[in-house]
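Chains here go by letter, A, B, C and D, matching the order in which they are written, and residues are numbered from 1 within each.
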Amino acid sequence: MTFFLQQVVDGLTTGSVYALIALGYSMVYGVLKLLNFAHGDIYMVGAFIGYFVLQAFGGATALVAPVAVVLIAMFAAAALGAGLLGVGIERFAYRPLRESPRIAPLITALGVSFFLENAVLLLFGSETRLYSTSSFIPFSTGVHVAGVNISLVRILVVVLAAVLMVGLRVLVERTRLGKAMRAVAFDREAAEMMGIQVDRTISATFFIGSALAGVAGVMAGLVFDQVFSLMGFIAGLKAFTAAVVGGIGNVPGAMLGGLLIGLAESFATGYISSTFQNLIVFGILIGVMLLRPNGLLGRATLQKV
Amino acid sequence: MTRPLLELDHVTLAFGGLHAVEDLSIAVGEGEIVSLIGPNGAGKTTLFNLITGVYAPTSGDIRVAGRSIAGLAPHRIAGLGVARTFQTLRLFVNMSVKENVMAATYGHTSARMWQSVLRTPKARREEREVNALAEEVLGFFSQRLMGYRWDQPAYSLSYANRRRLEIARAMATRPRVLLIDEPAAGMNPQETHEITDLIARLRDERGYTILAIEHDMHVVEGISDRVIALDHGQKIAEGSFEAVATNPLVVEAYMGRGTAVTKG
Amino acid sequence: MSTPNDAPPRIGVDEWVARSGERRDRGSGPSAAIVRALERVGWWQRLAVIAAIVALFPLLTSSDYAVRVGVNTLLLATLALGLNVVVGWTGLLDLGYVAFYGFGAYGFALLSSNQLGSSGIHLPSLLAIVIVVVAAALLGLLLGLPSRRLQGDYLAIVTLFFGQIFVETVTNVAPKVTGGPNGVVGIDPLNFFGLEVTTTRGYFYVLLIVTVVIMGALHLIDSSRTGRGWRAVREDPLAAALMTIPVNKVKLLAFSVGAAVAALAGTIFAAFQAGAYPTDFDTPFLILVYAGVILGGSGSIAGAVLGATVVSVTLELLRNPSQAATLFYGLILLTLVVRVRPWRKLGAVLAALVAFGFAVHAVIGAISASAVAGHPRSGGWVGDALGSWVVVPADPKGPGNIAFVVLILGLVALVQLKGTARTVLLVPLLYLAAFVWETRLVAEASITRQILLGAILIVMMNARPQGLLGSKRVEVL
Amino acid sequence: MNARDPRSHGRRWAAAAASATLLAFGLAACGSSSGNSGSGSQTSANAGSQTGASTGSSGGKACTAAIGIEAPITGQVAQLGGEQLHFTQFALDQYNQKNGTSFSLVQGDTQLTPAQATTVTQQFISNDKIMAIVGPAGSQEVSAIGPLASRANLAMISGSATAAALTDGGKYPTFFRVVPRDAVQAANDADYIIKTLRPKQVMIVDDQSSYSTGLAAAVEPLLKQAGIQVDHESVNQKQTDFSSVVSKITPETGVVFLPWQVATSSQQFGQNLSEQGKKAVIFATDGSYSPGQFRSPGAYVSSFAPDITAIPEDADLARQIKARYGSFGTYGPPYYASAIVAADAIDAVCRSGQTPTRANVLAQVRKTSAATSILGQPIRFDAKGDLVDAKFSIFKVGPDGRYSAVPSA
């Protein structure tokens, strides 16, 4: 039981991070039908912003402000910075290609990804930075259930992710902006004729999606400690997977996909074999995709013939 | 009526609990032109999808020249001589006009990839035949799709020409039955008139058996040997144009939805 | 290479006929003459001429390095040709493609080394290649099976898994067989009927023949029944099925052909490198192959080869800082010449730029001597020429980093601005670019290489979304 | 080639022809300019020593040559490569300044892939200024480029390729390394674990890299021979959370052996351990030796050198490097040593009045006999290219994260 619970906790934390990144992937895909491969790198930039805010407050071991204030500042700065970065990328790299075949922005996205990864490498160097979270949020400040120590950081990450996802769902379902986003996703030209400001809606989508990735970056820094220029590559790949497995373009699907991959990873390691973890996870996912060819929550779009 | 070439025998198609087509029986004789009419959502295009294998019937049987085709894959049905056009044009838009037509001969040719690479006599002969067929089929539309247009990408054709190309492409599959979905939709009166003539020529000169969906009652009147009216996936009337057009059930089906029978 | 009409094509807009005269009369001067001359001869004559020119290349250079870059380029070109079948023609987003390259390499490695059995297996190369390529074609069929059910991005993700599974498998499963992370070493060189290929030039010619044969074969397939079937499936799978094309079979065939081509490249690569290692077949390399296909123009045979060439050669040129500098300044100058019109304005900008530089250098030098104490990092005449023009502080790292960020923000602003303000901003930005290059980018040559690759991809795709040799396409979503 | 327009077809072929010609010229440029390609990056190495070059000490004329570095400067393990590059650059700058030489550094980014390492090596071979290679980083890269470098008589001096097989049987006669081979470290570590830590059970976790699997494979049988139960796990190098593996650690597991390449990952493993309240002790290898990054209290780290920050002669150097490039771990110092070996060899050739060639530099590298080095130990190579008298030290990480050497068992 203890062992099982431990795997659940691990899976949920990793899964929450994947899910938050996947949300941005999915939202952008929804409105532009673009696989934004640079999304993982926006997450990386978010993690770096969080790191520098932490340093600005004196660093992990010598914080000059209450922990809560620092955390809020880190998340806010990362969300804002990453959000603006996302908007900028859309404006300058993707917008000129909006009418082009879908494959062109795909390669542009790869270019943006190369650019961001290496620009950060140039600016901040190759060394791995550490958040050293345990210095200001000790592991002992968690919850102990059935012999499992669930640290406060993990609780914070999972809860924050859940809150953000619910918030996003409300935004998409209830607000004017959400309606505009859905309309653009459904049919851009029609939306434009209905008086929806398509450019602005797409910018807003990029902002929100990227901000979520920025928050995910800080979360990753808090839980996994390490921040480096290429951390976005593999996380982006996992998030892409999560988004597709959940049903791309679908918000709850991205959450589900992220959690599924997180849990599959921890259970594969815990119960079967750490060596073959990835093989097992990929095997499971291929199975899921073959059973549900449009993702878990994706609906098969009825083709109009 | 001559020997039926296309037969639908008590065909039902259900999506979950919803019956899109219910217990429908239709027969189209060889060389006949039959029009399908009915209000929007009556199940006309769904019926085409059933015949061409996009959907498999939930129950019942569909036969072409006596052979059951229910449940076969679409390309097999097409290979057995059932071709169609689409209401929402589905050309291979980034291929040239001629290639669109040539692509549709796939099922009637058999050169393997290695034969094409080595340009074996068989592959060359087939290629020559396919080429000739494409030119001949496009020639059917006289000046509209001739010569200089062959190398033009399909997307750059005008709307009416794209409709014509759809028919040309269907002709290249060597069909016996041609299913034409709203040939006159979006056409101006002049073009509509031309289409009416064209459909008649398709039967007279090429000997196709034609089942057409059409909203324009002038066209329906002009082309049909027989008219079948559908509503809610069921046949509500069948017979000559006059008989069907004045059938109270048909009138009600249209009027009930606020549409006049004679539009356009 | 720009087309007269830069707007994307639209359905139903019949510009084709209207522009036919324009197409015919376009261009005068030598380039148009070459175009017309080439149009007069058949495709295989053209291919032969180009192959002959490329075949001269190893004779013109004494450098093994240049020939090796040629080999790498031809490998990438072959891979791009195979991927073009799957992605460009059949429209299947296959993200596991590079696994077949790896499969070919490992397959050849195991059949031509001491890895298996007590004294190893050493098959004649031709036999080993045939076995491996056929096996890869069958494997391609197998991995293409999900394409029966999955479409678009869903297919992409499953093929991505297959690619990852390949790397994981050779790394972790049965390391005794595949050598684990250390790979298989000591692979026999290619040998044909007692003739061993051991030199870089030898491999260059083997690959050149392979590439040319594949190009020819693909050209013939493209204009055959099979090629039309592939492209019809890409355009509209449902319509294709209703036009007698067995869609699933056609898709599997495409996967299979792509896999076979990739595996063929893999076998030659393994023999050339005399080793097969898992890290050579990971996602970053896949990205390069994709970049080649799409940059060249998805769907075009010549485009795939050209795109791969551009990617490969650019990456090599960027490896060498002095060539990178030429490329950097050259591209900036070229952009200016193309984009800043009329000539008078261009002249003004350049003059202002020169004056601006000397002024800044003088002012900053007067304020602080250490701020101009450094020397431009570009060596040779470029560095000397820029010596008293561009400011280089004694410790350039911090200012260089800041300038890098400011430069990017400045470029963003530049795109937003219009008219005179734009021209005025251009001058300090160009100066800033030189500053960043001399202070930071040259010093971090390897990182700069990646940054520039990213920037080139972005700029190229924005300048020509259909790729260098691709034709404009309409996409129906 | 969709729209079969013969005209556009011809145009494309023309463009292809044009670009093929362009390619030919481009490649020719690659080849012809490789002779002076050093000039581009030359300045990057001696930028800090503009004055050094003029105070030539060896026979009036400055000893000029280039040294190539092969390291994963970008890509997934840029953390390692960056450090290797910085130390090498720093070493050469300092060397030039001290000895009045003019050695430049040419960067070769391999991203730790053999394919790129091969191309880079060929580039270095074509550049006739390059007299020696510092690197490459990975053992699989050494086996890929070994034959090429041997044919060109080009010495390669690695500071991190430790696979035992590389020096077995003299396969690569131009290969040298300033770090001990796996077998030395494995024996040393196993010995300490068996005799001093005496656990009932050990969990070995490799990170699926060439470095890691080699060490794990060497240690495992030694532990088993001593009657210790071994549980072998493996994680992907790109992974950042190890909670699931940590949760598999049983109370009987006394030691977790981590032969990992990335120190911060070991640190994360330690975090996960303490988070779950597990009592097992981490025993990490030289890949994790990084006082700034791996500081899990109570853990052990083995390293081929005493802490360079603790060697008084090195203290100043460590401070300077830190000021210039930021914190560093285990990968830099050996590259500093490698660079010095290369520089010394070339300088020795110059001093003897000869013009450096690859062959005489190689011979000189083979004769290397440095009484001391940044690694705190003499550097001499045996006939196979391995370090003579290689020693390993074991450190314990204190509660404050400081490393202190423990007496070996």
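Note that in this section contacts are C-beta pairs under 8 Å (C-beta built on N, C-alpha and C of every residue); 3 or more make two chains touch, one makes a residue touch a chain.
Note that the coordinates shown come from a computational prediction; the quantities given were computed from them, not determined experimentally.
Peer 1: Just to be sure I understand: the centre of a chain is the mean of its C-alpha atoms, right? Then which chain's centre is nearest the mean of all of them?
Peer 2: Closest to the centre of all protein C-alpha atoms: chain C.
Peer 1: Could you find the chain whose CA centre sits the greatest distance from that of subunit D?
Peer 2: B
Peer 1: If you tally contacting C-beta pairs for every chain pair, which pair wins?
Peer 2: C-D
Peer 1: From the mean C-alpha coordinate of subunit A to that of subunit D, what's the distance rounded to whole Å?
Peer 2: Between these chains, centre-to-centre, one finds 34 Å.
Peer 1: In whole angstrom, what separates the CA-based centres of subunit B and subunit C?
Peer 2: It comes to 45 Å between the two C-alpha centres.
Peer 1: Starting from the mean Cα coordinates of subunit C and subunit D, work out the distance between those two points in Å.
Peer 2: 30
Peer 1: Any chance you could list the residues of subunit C touching two or more other chains?
Peer 2: Within subunit C, the residues that touch at least two other chains are 172, 231, 238, 447, 450, 471, 473.
Peer 1: Among all residues of subunit D, which ones touch two or more of the remaining chains?
Peer 2: Residues 2-4, 6, 73-75, 208, 234 of subunit D each touch two or more of the other chains.
Peer 1: Subunit A: which residues touch two or more other chains?
Peer 2: Residues 118, 121, 275, 278, 305 of subunit A each touch two or more of the other chains.
Peer 1: Which residues of subunit A touch subunit C in their complex?
Peer 2: Residues 29, 33, 35, 88, 91-93, 96-97, 99-108, 110-119, 121-123, 237, 240-241, 244-245, 248, 275-276, 278-279, 282-283, 285-286, 289-290, 293-295, 303, 305 of subunit A touch subunit C in their complex.
Peer 1: Give every residue of subunit D touching subunit C within the complex, in rising order.
Peer 2: Result: residues 1-4, 6-21, 23-24, 26-34, 36-37, 39-44, 47, 50, 73-75, 85, 107-109, 111-115, 118-120, 122-123, 125-127, 139-140, 143-144, 147, 163, 165, 208-210, 212-214, 234 of subunit D touch subunit C.
Peer 1: In the complex of these two chains, what residues of subunit C are touching subunit B?
Peer 2: For subunit C paired with subunit B, touching residues are 9-17, 20, 217, 220-221, 224-226, 228-229, 231-232, 235-236, 238-247, 253, 257, 471, 473-474, 476.
Peer 1: Provide the residue numbers of subunit C that touch subunit D in the complex, in ascending order.
Peer 2: Within the complex, subunit C touches subunit D at residues 1, 23-24, 31, 34-36, 38-39, 43, 46, 49-50, 53-54, 56-57, 60-70, 72-73, 171-172, 175, 180-183, 185, 200, 222-223, 231, 269, 273-275, 277, 279-280, 282, 284-285, 297, 299-303, 305-306, 309-310, 313, 316-317, 319-325, 374-375, 377-380, 383, 442-443, 445-447, 449-450, 468-469, 471, 473.
Peer 1: So in the complex, which bits of subunit C are touching subunit A?
Peer 2: Of all residues in subunit C, those touching subunit A are 8, 87, 146, 149-151, 153-154, 156-158, 160-162, 164-165, 168-169, 172-173, 238, 283, 287, 290-291, 294-295, 298, 401, 404-405, 408, 412, 415, 440-441, 444, 447-448, 450-451, 453-458, 461-462, 465-467, 473, 475, 477.
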